[in-house]
Each structure stands twice: as structure tokens, then as C-alpha cells.
Amino acid sequence: MPESRTTTATPGPRADGPDAHPPLLEVRGVTKSFGSGRRRLTALDGVDIQLGRGQTLGLVGESGCGKSTLARVLLGLERPDAGTVRYDGVDPFALRGKDLLNWRRRVQMVFQDPFASLNARMSAADLIGEPWRTHRDVVPDAKAREKRIRELLSLVGLRESDAHRYPNEFSGGQRQRIGIARALALDPDLIVCDEPVSALDLSVQAQVLNVLSELQSRLGVAYVFISHDLSVVRYISDRVTVMYLGKVIEHGETEDVFDRPQHPYTAALMSAAPVLDTSRATDDQEIQLKGEIPSPFDIPSGCRFRTRCWRAEDRCATEAPPAVVREREGAGDAHTALCHFPLEARSAWA
Amino acid sequence: MTTTSAPAPSATEPALDVEGLCVDLNTASGTLRAVDGVSFSVRRGRTLALLGESGCGKSMTALSVVGLLDPAAEVTGGAVRVRGKDTLRMSAAERRKLAGPVLSIVFQDALTALNPVQPVGRQIGEPFRIHRGLSRRQAEEKAVELMTRVGIPEPRQRAKSYPHQFSGGMRQRLLIAMAVALDPDVLIADEPTTALDVTVQAQIMRLLRDLQDERDMAVVLITHDLAVVAQRADDVVVMYAGTVVENGPVHDVFSSPRHPYTRGLLDSVPEDAERGRPLPAVPGSPPELSAVPPGCVFQARCPLVRERCVRERPSLRSTGDGRSAACHFSEELDRA
Amino acid sequence: SAAGDAGRADGRTLRVVLTQEPPTLEPCEASLTGTGVVVRSNITEPLVERDPDSGELHPLLATGWKQTNERTWTFDMRSGVTFQNGEPFTAEDAAFSIDRAVNSDLACNVEGYVFGNEDLEVKAVSDTRLTVTTEQPDPILPLRLSFVEIVPRTTDAEAKVRIPIGTGPYAVSSWQPGAAISLERHDDYWGDAPAFPRARYVWRSDASVRAAMIDKGEAEIAVALDPIEAEKDTTASFPNNETTALRLDGREAPLDDIRVRRAVDLAVDRDGIIDALLGGLAEPAGQLVPPGVVGHNDEIEPVRQNVARAKALVEEAKADGVPVDRQITLVARNGMFAGVSETAEALQYQMQQIGLNVKVRMADTATQLQYQLRPLPKGVGPIALLIMHGNQAGDAAFTTSQYLLSDGPQSAFGTEELDRRIAEAGALSGAERQKAFAELLADQNKTVVQYTHLAHMSGLLGLSRSIRYEPNSATGDEMRLAEVSPAKAKH
Amino acid sequence: MTEAESSAVDGTAPVKDAAPARNRPPSWWLLLGRDRAAAVGAVILTVVVLVALFGRLFIGDRARRQDLDASLRPPSLGDGVYGLLGTDVLGRSVLARLIDAAATTLSVAVPAVLCSLLIGSALGLWAGYHGGRRESVVMRVADVILSFPSLLIAVVVLYVFSPSALNIVLILAVARIPVYLRTSRAEAAELRSRLFVDAARTFGTPSRHIIYRHILPIALPTLLTVATLDFCFVMLTESSLSFLGIGIQPPDVSWGLMVAQGRQYLQTAWWITVLPGLAIVLTTVSATVLAAWARIATDPAQRWRLTLPRKRRGASAAVPPEMIP
Amino acid sequence: MVPFLRKRILSSAIPLVCVVLGVFFLARMTGNPVDLYLPLSATAEQRAEFSAAQGFDLSVPAQLWNYLVDAAHLDFGTSLRTGQSATSMVLDAFPVTLQLAGVTMLLAITGAVLIGSLAAYRPNSLVDRVASLLSMTAASIPDFWFAVMGVLVFGVSLAWLPTSGTLGGPEIWVLPIATLLIRPFGVLVQVVRGSMVSALSAPYVKIARSKGATPRRVIFGHALRNAVTPVLTVAGDLTVGLVNGAVIVETIFGWPGIGKLMIDSILQRDFAVLQAAVLLTAVTIFALNIIVDVCHALTDPRVRQAVPA
């Protein structure tokens, strides 16, 4: 139902920028659920995000919190139940024919699962060149295509001779690079990266991250970067959005979120990340969350994190938490969180 | 460290000793050597981390140790010794006797590694049925205990659930429970947390360590995550293109790597990297398995490469203090 | 070794394997082959029976009969006959049976088959005397009545019965649908007691299985074997009164030209077909009625194959502008006789050899009947229809009125001349009748040539070595189990 | 380590230049040559196809030429080429008839299988990919066809209209459509939720191209396996139709018809029915073996098996589901 | 499960109606049966009378209406051929077919699972190749040929078995079942083998082997239940074939089943029996499809859960 969009102002990025240009990507109140009746699962619950040209938005959160679902909505693979998605002010779900194709070309995705997202019967070259079979004008002739494929392969750290190999002959990390090369094939404005480096080893991860940053600085590509590796998110993102059970619970500039988390969940997440220091035993500082993540079929009332929160009180069960906005001094987005008892800066760890 | 069962090796004798393991791989365009002379050993109670670029043969090594290689691959040389016997020369039946009580493995892919049509309790109890001859009921009882141990809430009810009714993290824990069921001497964990998010990952790693302490296992941990290695492992083996390029105690290796590849790997951690500045990555990519150069396998990407590296393959030389590296010029690195 | 369906070979049960399960045993349907072969003369009997060889009528339940006036016949009933249910047989029962078969609303097959639309007036004058009155004078009423099986008065007159009671040597003891019908000897039978106390019918549609059952000793008698079995000493062949022929539709070019029809006649290699395809069991035919039927012409020689002449005739016709290239459809029916499709192929080949264009179309019974019966289908082009005609009544009149009249129900065309002669012959009797029919049959071969006669056919029966049985031309329709005796009795 | 051809490597050069061009995947011929069974199957099939295509040119009318005097001659070397395999009841050369029948048999079986394969898979893939109402409608249609006694249709069409080869093809094709429909629908329904399909959708690839490029190639080996089994089934059905008298009409001849007609001579003249039966079995087994080979050869993950010495080769893998009678 | 069944049954209703109507019209296209049931010499009046008595003189829609009205009262008419009620004839014949089909499929599935699994466990071994070749051959032998051979060899030459028939001990089942069996068996062996091979390469099999499970345990404890889905589907469809068309076996061995009844009533234009038979087999086939779906759900908990609750 693309027409029934709600535009409730909830915590999150503020739309009013200094210039009149709409941002590259603006998502408002997107809700998506699967199944029906009693077995209805709310994967996204009123998510807002916003992203400018050439920017990177990091998206973190526990497994199953809806990150991939959001990515799929952004790519038009799922239609949201409610809410709006706008690219440069345009609703992709309303596009048809040529316009749709043009939009498709501007937005690409790197999938989470490098095994499933590549057709095992196509060689690396076919896979990378696949987008051009629909967008024939991008690289018109066969010679140029071959050349471009070679460029893309070396860009992501693969060999040119790998072009003729099939996915099963690559290890997980190598496949993921093919996926990245494929996403780059159309020179998109925005790439939604769903855990693009989690299957990669560090040296390749570094290569890939470098490629992504370089493209950004050179071509102004914007990223929505989903990852559970916080050091990577921290390295690559301008802003970070933290999700929990389908809702955005914290959003802000990267430093703000990482260094001064407001939401207890964010704090726990940060503390759980292992650090590369063999001399430091980190367990003591780690906030160990109790229990399992609640079933998405049965989301807790009030604050959805309360079942695992060490700060939870009765109020958390009854009232939906308010948006806490911590204004920042310099430029950039405000640091918002949904919590009754937000953490003070640095109170939780270190 | 306590020695539990009678035939278990003494504390000094390694629980698992891999020597010169070679694995060949059949592809449509010929036979490749995917693992080339890998050696390492690990004692009970210790954790050995296997590090390396993706595709360098870590999983192959792990699979050949437990004898579960794909039909496309074949062990062509070396020895894998547990309890003093070479498993590669055992009959299938003898090997089956070891699988579970002595050697155990946890795979990366928890989504598909559990049988989707069997209740998890049955699957977790299966080792007891196979090796201890328990009845189905008794085995399920044991399974419930194990599930409690790995922190599955309401284990008695959940034992009757099917894998798809569990989240990824829980499934990974079930796999671990299954792997440690018979208190194996050696537990191999092939990227047990890669698919999981940080909080769950931390839980799993904690669980593994607790179990290791409790049961005095030797653990071989395969992972990409240097931070995990740094925190959890005692020793580390760094592989590159099917060969071991460096090994030694984690702390030492990480603080002063003696192989340029290890150095490059450690440098690429984005931990303290500054946003906007390129990460110091190792340029290039590893050689193709079908065309590994005759000299050093790392020559094409090595900042220190000399003429000798092209001619002569460096062997894994001991560099003292229980470490070794396969580099002609490892001393230079130390100094650098 | 294992016993078959028909029970063990105990020497006391006569096991017969048929081609298919009788649809019903209703006595008034006994003119259906499938029913009659079981029912007739085994379970029920008519008043009179026709000798299949001589064609004469013999007394059965009637001991004598005479025509008392133009329209009335009187029959004397046999006494001392009892039905299988113990009731004595009287003229009342005979009257009831005739009424039931002919005058009721049962739509019996006999009614349509033998009596047309006519109703009979039947009256039991006494226990042993019966009079039958027809609407029109009917010289062959006794022959017609030989088709009516006699059942007791207690039989349902409103509905057909599946298991009849009769006066025959055997009574039905059980019918397992789909599997078998068992007969038990009727101990109070008025005639000679049959040799076998029990009989059992089973059915297999595949001829090779039927033959195998004889070989294996699972049955004593198997009907309708393939000619390929003819050489075995466990088979017996018998002329079954059937004649095969190709009916050429002379209304359509090129078959409208008599030269072409003659050419077809000359093209056919009857001996070859009989030897190779029919196991040598048939006789080449030159007319539609076999020997023994009133009107059969001994003089007519079957045409001998003469390809050269046939070709010349076709050429000649072609020269006169007859479109000999037009496709002729040769229609034949599956299962008409063993080897029918090969025969059709042979005919087609032989017709093609003389320059005609022929296509074979094998049809099922229902489809073939559309071609056989008037009204004939339109717009199907020239048809050469393979027919098989059985003259069970033994008189050529039954044949000519159906097959030779220019508007005969099963005839495609004819001439007024022939129609006239058929009408004349039908009115004659005795030697004149014989001569008239014989001549007109010869005449059709000369002037009309609607038929390319093939063969007077034979049936092939499988007989186990343990029994003796002489099949006759009626065997296909009524197999008298009472005539079967154990082989050892013979020696 | 295999030190093969890498002597030219210049250690300082970047690896991508140094690495020798990787061997292209081995050619189909090579892969076929490696699998002896499949090679034999391919040879047999080729022979059958060639015979079907050109056999009639050589035999002239020998398949039809009757000689009632030469009826049922056993195979012998003495009666010339055409007597090699004996004669049938009408004295026709069985060899010539086998050759003639090859053409008819294939001209019935191949179009029938192809038609049902094309229509069935196209509809099935379409329905499976799109799902929803389209899927249910198509599946219900399949249900109807499947539960319809195909014999009834056969009798109606073949008796009421004429029993031409074309009609037989049509009937067999229609009767077999549901098989492909269900198989391909199941495959497509499973594949449509695969990530690489989603990936293709993000490039804006139109549905029909996705079906053609991503779903079809994966479903195709299964469909082909079904088709080869079906090829066999169609020949057998055609033969059963002949058994019931409504198959190929003489003088045309098919293997099935030969088996059916020769059945009664099984004891006296085995060659009439055994030889065409053998032809059917050989052809279908060859096709099946070849299909199994194709399954492996077209699957990059399995292809290596064909490059191994015979005894170490593994499975041909994967499921050919729904090979309905 | 119940709503699933309800939905499944409801969705079968429309196709079922289509089948019934289709048979009705197709049968009428084969022409009027009058000629078949009257002597060749019957007169035109007799034919007309017979037509009227059987209701063939009515227009097809009128016949359809009558048929539907009667069918609503579960009266499917009377057989022209035997004069019995069509329903009773069909119900007599059906158990025979069901028994044949049931026993055949039971044997075929059991045998195929055993042999197919064995072949799949060691792909390309001797066992595998022999099993594959045999199954392929089995699947491509004309069944009537096999049946006649069986009769000649085992019935006559060796005299081990009765040639045919339905009355007698277990030995009478051997040849008919063997004839019916060859093709399903051949096909199923290949299906089982194929699906076993992929099941055996699944990660959970690796896990099972890492626990030290024996091959038997791996095959029957783990892989089989996962491999069974396509096997069930194919087996279901093969059973459909048997229910609808064991004609040849029934014909040759004289088993009075529904296939033979159906073909006989087609050839005899016995519409009442034909319609009743088709309706019954169609219902059976739909039921069979539903059973297969239920079996899927029983073997696979994921399917079970996907069923809307």
C-alpha cells in the first residue's frame, strides 16, 4: 500500500537539512511483518533512517533484529506494510518501466550470504557481468565488458584468471568479493552492504574496506553498511543506527554512539566486542546480557529490551520508552535513543 | 589439568598431532594440492588457533583430521595422530570409534548442520547411543543435561523441538553440546561464531572456554577474528596457500610476528584505524592452487621479497621460544 | 505346481476359459455370444434346436410341432423334465418364457434379433401342449423359437435376471464377479448325465494366456486361440460359419468403377493370407455364405490372385479418368478375428501393389459399426470395410437381405436387378430357393462386385489332452459341456 | 606441491600477471570421453538418431514389402542383409522394419516429450516463480489432467477422430504436461526465494529473464532427467496403445507397435518382439545414462567427478523428482 | 492440520467437478452406444426405442442435468452392458485395483529404498552401477511383454506359478505384482538414489559421521527421512498411474479391477459405469495427493509448521 504512508516524526535523523535537496535516501516509519494471524512476526516496526549522498550509515543489531529485512525493503525486494521509502524524494515502489530500471541501476546490494547469493552455475565473469544484461547501455560491447570485469576483479582483490571459475571453487571470502564486484558493476549511487565482510579474513576485509572507501571518495557512493563487527562499522560509518527487535533504538554520529552510548543495549553490544589485545582479559568489563532475544512473534510490551536489561524497572513494561535526544555540539545528526533510563556518557563501561 | 580416562595421553604428549598433512583436490581442470604439508599439535587443555586468509585450506585441514573430507578431496600424505595412533591409516570402523569420544568437530554452518527432521534432543543424545549403547530414553536424558549445560532454557521441552525452531545462536550451542557430549580429547571448532552477532558470539566463546576448562579438552579453533584468537587461544598457527607460514604462542606471535604475512594480517585490523584513512592491507591475492610458484608461496605479495624467495621455498624453521616461521628473512621482521 | 484360477485339475471339474466375462447370464440375452456360450444348452434349453451341420431342427423340450393353421403352430412338450429348482417343466413355463422374451418390455436381445417388432400370441393349451400364433404367416417360427431359452414361471418377468434357472444339464452354483462362474451338474436332468459333475468358467482376454492355461493344465478348454497355436496337438479348429470380406463402397470414386472393384478382387492373395496369417485354418471364399447354408453356390471358385490383370484393370480405369489415386480407407475392427490387423495390412499392401492408394484405419466396435450400418457416414471418402458375417440361421436370405440389397442395412449399394432377384428368391422354397440364391450370389460377383470375399473362417479351440470334445460350427455361440468327456473314457 | 608449469614466474611481478592463464574447463567431448557408459550411450543415441533420420533413404520400401511366402523366417545370415534379423508374419524384413520404426518412434516420442516439456516447464516455472493465484490455477489444471483417465482421452481422440501419429503425439503430450508442470513449479517455487534470484531482481532483471537465466538452468537437469524417463514412458505408452489397438496405425510401424503385434509370436518367433523391445530398452537406457552424465557435466560443482579415474568417481547426485508414470 | 486438510479438500472440489464434467462430455463424443447393444439387423424403430429407453435421445445438456440430479442422490445409473448398477460394479472392481496398487507400491518403495540407498552410499561402486542399470532397464521394459513372458516362463515352462487369475493362494499375486512393479521400482530406485546422494552430502550427515555413526545409522537414521520428500511425490504419482491404469495387468491376468472396467466401458460405451469409475478414481487420486501432502508434513517438521495454524 504505497499510498498509505504515515509520516509521524519519531526519533531518528532529522529531515530538515540546510539545503532544500531531499536526502539521497529517506525512510520513514517503515513497518514490515511476515505471516498472518497468531503467527505474525513483526520484522520492522516503524523504522526511520536517512542517508545523504556519499555518506555511510552503519546498521548494527542483534541477529534477527530486522537488518536484512530493512535492506530488502531498501532494495524494493519487499514492499513495506507501512511507511515511506524515498530516493531523492522519489518513491521506488511507484516506479514502472524505464524509471524503475534507472532507479535499479542506482541502488545495489551486497548480500549477507555469499553462498546463496551467487548462482552456482554461472562463472565469476557471468556473475559480475550479469547486471549489464539488463542494463545493456552501461558497458555496450563485449570487449569493454571483458576489460571491465578484469578491472572489477582486481578491484576486489581477485585474480583475472578467476573469471572463468565457478562459485564452488572459491572459498567463502572469495565469493563475497564476487558479490561486491557485481554490486559495483553498475556504478551505483547507493550500495546496501549486508554484512559484506563478515565471511572475510582480515587481510581481505581490509582490501575490501579500502575499495569501498575509495569508491566513496572517488565516486561519491553512499553505503548502508550492515555488520556485527563493530570495529568495522566504526571504521567505515559516518553515522550509526542500532536496531533491536525491529526498532531503531539508537542513532547518532559514529563517535557519539560508540563512545557515549545512551541505550543499555548499545552499551552491551560495545562491551561484547572482543579486542585485539592478548594481554587484556576483557570478560570483567563485558556486560553479559541475560536470557535470549525474545521471540519476534511475541514482542515484549513497553520497552522491548526490558527482558534482558539490567536497568529495567516496572515502568519499562508498561510505557513505551521516549526518544531521548542528546544534541551534539558540532555539525551532524543529533544522538537519539529510545530509553526510559538512558546511560550517561561512559557510565556503563570503561 | 587432570587426566581423566585411562588411555588418555599424558599432559606432555599432544592430544592431537598433525604432521605433514597433504590434501589433494580434484577439479574439472585437474588435481590441486589444497593443503601442503601442514603440521601442528595441541595438548589437552590448550587452545590452538588456526588463522589464515580465506581459502588457504583451514577447513580442509580440519575436515581431513576428522576424516570428513568431501569426495572431491583426498588426503595424500602425512599423519594425524591421536592417542598415539595415526587415524589416516585406520579402518573406517576404527575411525568411527574415535569419532565422538576422542575427536569432535563443530562446524560453522549451524543452520544446516542439524538434521532438520529430527528433534534436537535425539540428535544430541545420539553419541551416547552410538558409543555408550544407551537406550533412547537414557540418551535423551543425557541430551537434556547437555542442553542445560550449554544454557538452553527449558531444555526438557526444547529437546522435543526441531532445529528450525531455534535461533542461530541456540543452534550453534546445540552443535557444541553435541560435540562435547562424550568429553572428547580434541575439539575442532571451524569458525563457530562467524555467522553470529557479537553478543551471541561472546556467549558462545565463553561457553567453549568453560567447557574446555571443565573437560580438559584440546581445542583447535579456526577463525578469522584476530581478537577472538588473541583472547581465547594459547597457540596460533598461521596458514597461507595451504602451508603453515608461522606458529607459536599467541601472545608472542601477535606482538612480534616473524612472517610478513602474519604481520600484514595484524596490521589490517580496523580496530584503531582512523576513518577515511586506508587500512594497511596486504596487497594482491594468494597464488592460485593450480599454479603455486616453486619458491616462497608468499613471494608475490611480500614486501621483503628477494631473489632467493623465488628460487627456494623456505621451510618452517624454528626461531626459538617454541615458535617457527617459514621465511628466509624472518629475523629482519623481528628487527623492523 | 500351482493351480490356476479355474481350480485344481481334479478330473471332475471341467474348466473353460473364455475371452471375457459374460456380461449377464439372462437367458433372453443368450443370442449374445458372451452369454450364450455359457447359458445355452448348458443351463437352459429351448424348445427346438437347430443342428449346426445339417441345419435341421431337432426336438429338445418340445417333442414335436406342427403348423396347425397359417398363423398358428402347436408344440408338444416333453414330460418328465424338471427345472433346476425342482419345479416340473410344463407348457405354462414355455408360454411364460416366450412371452417374457418376445412380448415383454425387457428389450431382450432375442426380440430384436429374431422376432423383429412382431408380438406372438402364446397359449398353454394343456400341461404338454402349447400354441403360438403370429401376426403374419411365419413358415420358420420353430427356427425362430430355437432362440428362446425356457425358464420357469417363477422367473422375474419385469426385470432381467443375472443367474437363470433352466432345464439344462448344469445349474449355476456360484458367480464370483470378475473371477469365475461355477456350474454344478443338474442331477434330475432329463437327458444323459454329463461326464463332468462340475464346470467352471473363467476368462482371460489375452489369447496367449488362454493358450498357456491349456499348456499348463489350468483349463481343459480355451476358446478363440490365435492361429499361431494351430499346430499344437492341444488345439482343434472348427468352421465357425463366419465369412470375411471386404465391402467396397461403390458410391465413391474410384470404387464406383467396377473395374477397380474387380481389380481389388483380383489383387487379394487369399491363400497367402490364410496360410501366413490365419494359420491355414480358413478356406478361401468366393461368396458370403459358407457351405452348408441354403443358397451356397458350389460352383463359385474363389478368385485367384492375378496382379497383372488387376493392374491392367486399374490402368484402364485410370485411362478413362477414374481417379485411382484417391485415398481409399480400409476400415477394420480390432479383435474381429485373430490376425485382423495383419490381414488389413496385407490387404492394403496388395491393393497398393495394383496402383491404388489405401490407408488402414483400425477401429473399435462402436466406430466400425458406424461404417457398417446404415445410415452410412457421409464425407468419409471411399471406404473398403472389412466385415465378418456369420450366418447362424443357415439360410442365405439372412445374408442377402442385409448385405446385398441396394438399401440393405449393412450394404453400401446394389442394383435394382439384384434387389428384385433377392425378393424373388426369398419367396421360394426347397431346391428352387437354393438355386435362386446360388445364382444371385454368382451374379453379384459378376455384375455388382460389392464384396471382395476373403475366407470362410475357422475358430480354434484349445483342448487339454485329458478331455475329448468335437467342436462344431455352433461351438462359438454355444458350447455344450455335456458333449465333453474325459479322454480316458474314450480309450 | 605440483610444480608444473610455473617456471616462468617472476617473483617480483604482481601475481595476477604471473599466474598462468587458468585452464578453461575441459571440453564436453573430453568429459564425455571420460565417462565410458555415457560415451556408449551417446554413440547408441547418435546411431538411433541417424538411423531415424536417414535410415529410410537406404531401405526404400523394404520395411513395407510383404512376402507372405517368407513369413516368420528366423534371423539368418543366408538371406541377405534384410534377412539378418528374420522376417515378420507378413514376410517383411525385421531389420528394415526396425529402421523404419526408429523414425516413427522418435517422431512420436520426441515431439511428445518436447511439447510436454516445453509447455509444462514454461507454465510450471512461471507459476512457481510468481506464486499466488497463478500458481493455484495452474496446479489445479495439473490435478485435473492427472486424475483424468488418459486412456479415455486416447480412445476418444483416436477412435472418434483418427488415430494419426499427430493425435498420438498430442495426447501423450497433454497427458504428460502435469509431470513437468509439477516438477518445474516445485523447483521454481523453491528457487524464487533464493538470494541470487533476489540479487537479479535488484538489477531490475525482468521476471522472464530471471526465469530463463537463473531458474531454468538449475531446474533443467532435473527436467531433462524427467524427460528421459518420460521418453521411455512415451514409447511404452505408445506401445500399450498399440496393444489396445489404438496406437500407430499400420502400415506405419513403431517399435511399440512391433512389440505389441509380435507378442503373440513370442513362443514361435521371438525376434519379432524381442528386437524392438531391445531397441526401446537400449535407447532409453542410453538416454538415461546420458542425462545422468549431463547432470554432472553441467553442474560446476560436480564436473570434477568426470575427470577422475573411474573407480574414484562419485555420485551423479541430485534428485530427479516427480518422474511420474 | 485440520484447516490445512479443509483447504486442500476444498481446493480439490473444482478440479473434481471439471473431471466429472469432462468425462461426461468426452464420453458423449464417442458416439451413441445404441448400435452396440442391438443386433446388427435391428430396425430403425428398435434403435429409436432403445435410444429413448436409455435417454440418449435427449439433448446433451438435458442428459447432463439428469446425470447430475441422479449423481446428487449417489445414483450413477445402470450399466448398459450388464444391467447392474454402475456403483456396485465400480465398487466391486475397486478393491482389486487398490490391493494391487497398494501391494505394488509397498514393495516398490521398500525395495527401492533399500537398493537406492545402497547404491547412493557408494556412488559409482559396482553395486551402484548394477542397480542403476537394472533399474533403468526395468523402467523401460514394456509391461505387457514382461507379463506375457512371465506367464510363459514362470507359468508354463517352469510351472512355478499359476499363469493368471485371482483365486488361490499368495502365488497368484506374484506375476501381476511383478509386472506392475517393474516400472515403479525402476523409477523409484533412481529417485531414491538421486535424492539419497544429495541427502548424504548434506552437512548434517557430516555431523552424524563425526559422531561415529555407522553407515546404516547414517542412511536410515539421518539421510532417509530427508531424502524421502521427492520419493513420496514420485511414489504418489506412480500410484496414481496404478489406480488409473493397471489395465494391462488386469487384462492379461484376468484381475477384475477398475482399469479393465474403465477400458471395457469405454469400448462398450457404457457411460454410466465409466462416469462412476472415473469419479471414484478421481476422488481417490485427489485423496492420494492429499495423503502425500500429509506424509510430507509428517516426515518434515518444517512443512508441518508452514501449514497455517
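Letters are used for the chains, namely A, B, C, D and E, taken in the order the chains are written, and counting of residues starts over at 1 for each.
The rule we apply is simple: a residue touches a chain if its C-beta (ideal position, glycine included) is under 8 Å from a C-beta of that chain, and two chains touch if they have at least 3 such contacts.
Treat the numbers as computed from the prediction; the structure is a model and nothing was measured.
Both chain B and chain D are touched by A, E.
Each step here moves to a touching chain, and the least such steps from chain D to chain E number 1. Counted as hops between touching chains, the shortest connection from chain C to chain D is 1.
By number of C-beta pairs in contact, chains D-E lead all other pairings. Averaging C-alpha coordinates per chain places the centre of chain A 48 Å away from that of chain D. We define each chain's centre as the mean of its Cα atoms; on that basis chain B and chain E are separated by 53 Å.
Computed from the mean C-alpha positions, the centre of chain C lies at a distance of 38 Å from the centre of chain E.
Chain centres here are Cα averages; for chain A and chain C they lie 89 Å apart. Touching of two or more other chains is recorded for residues 15-16, 19-20, 22, 24-25, 155, 159-160, 244, 263, 266-267, 300, 314-315 of chain D.
Each of the following residues of chain C touches two or more other chains: 208, 364, 366-367. Shown for chain B are the residues that touch two or more other chains, namely 27, 71, 284-285, 288. Partner chain A is touched in their complex by these residues of chain D: 15-16, 19-22, 24-25, 194-196, 198-206, 209, 213-214, 217-218, 298-301.
Listing the residues of chain C that touch chain E in their complex gives 1-7, 20-21, 23-24, 26, 31, 107, 109, 112-113, 116-117, 160, 162, 176-180, 202-206, 208-209, 212-213, 215-216, 218, 364-367, 369-370, 372-373, 398, 402, 409-410.
Chain A meets chain D in the complex at residues 72, 75-77, 100-101, 104-105, 107-109, 111, 113, 116-121, 123, 130-131, 133-135, 154, 159-162, 164-169, 179, 182, 186. Within the complex, the chain E residues that touch chain C are 30-31, 33, 35-36, 38-43, 45-46, 49-50, 53, 81-84, 92-93, 96, 148, 151-152, 155-156, 159-169, 171-172, 251-256, 264, 267-269. Chain contact summary for the complex, chain B toward chain E: residues 66-68, 70-71, 96-101, 103-105, 107, 109, 112-118, 126-127, 130-131, 162, 164-165, 175, 178-179.
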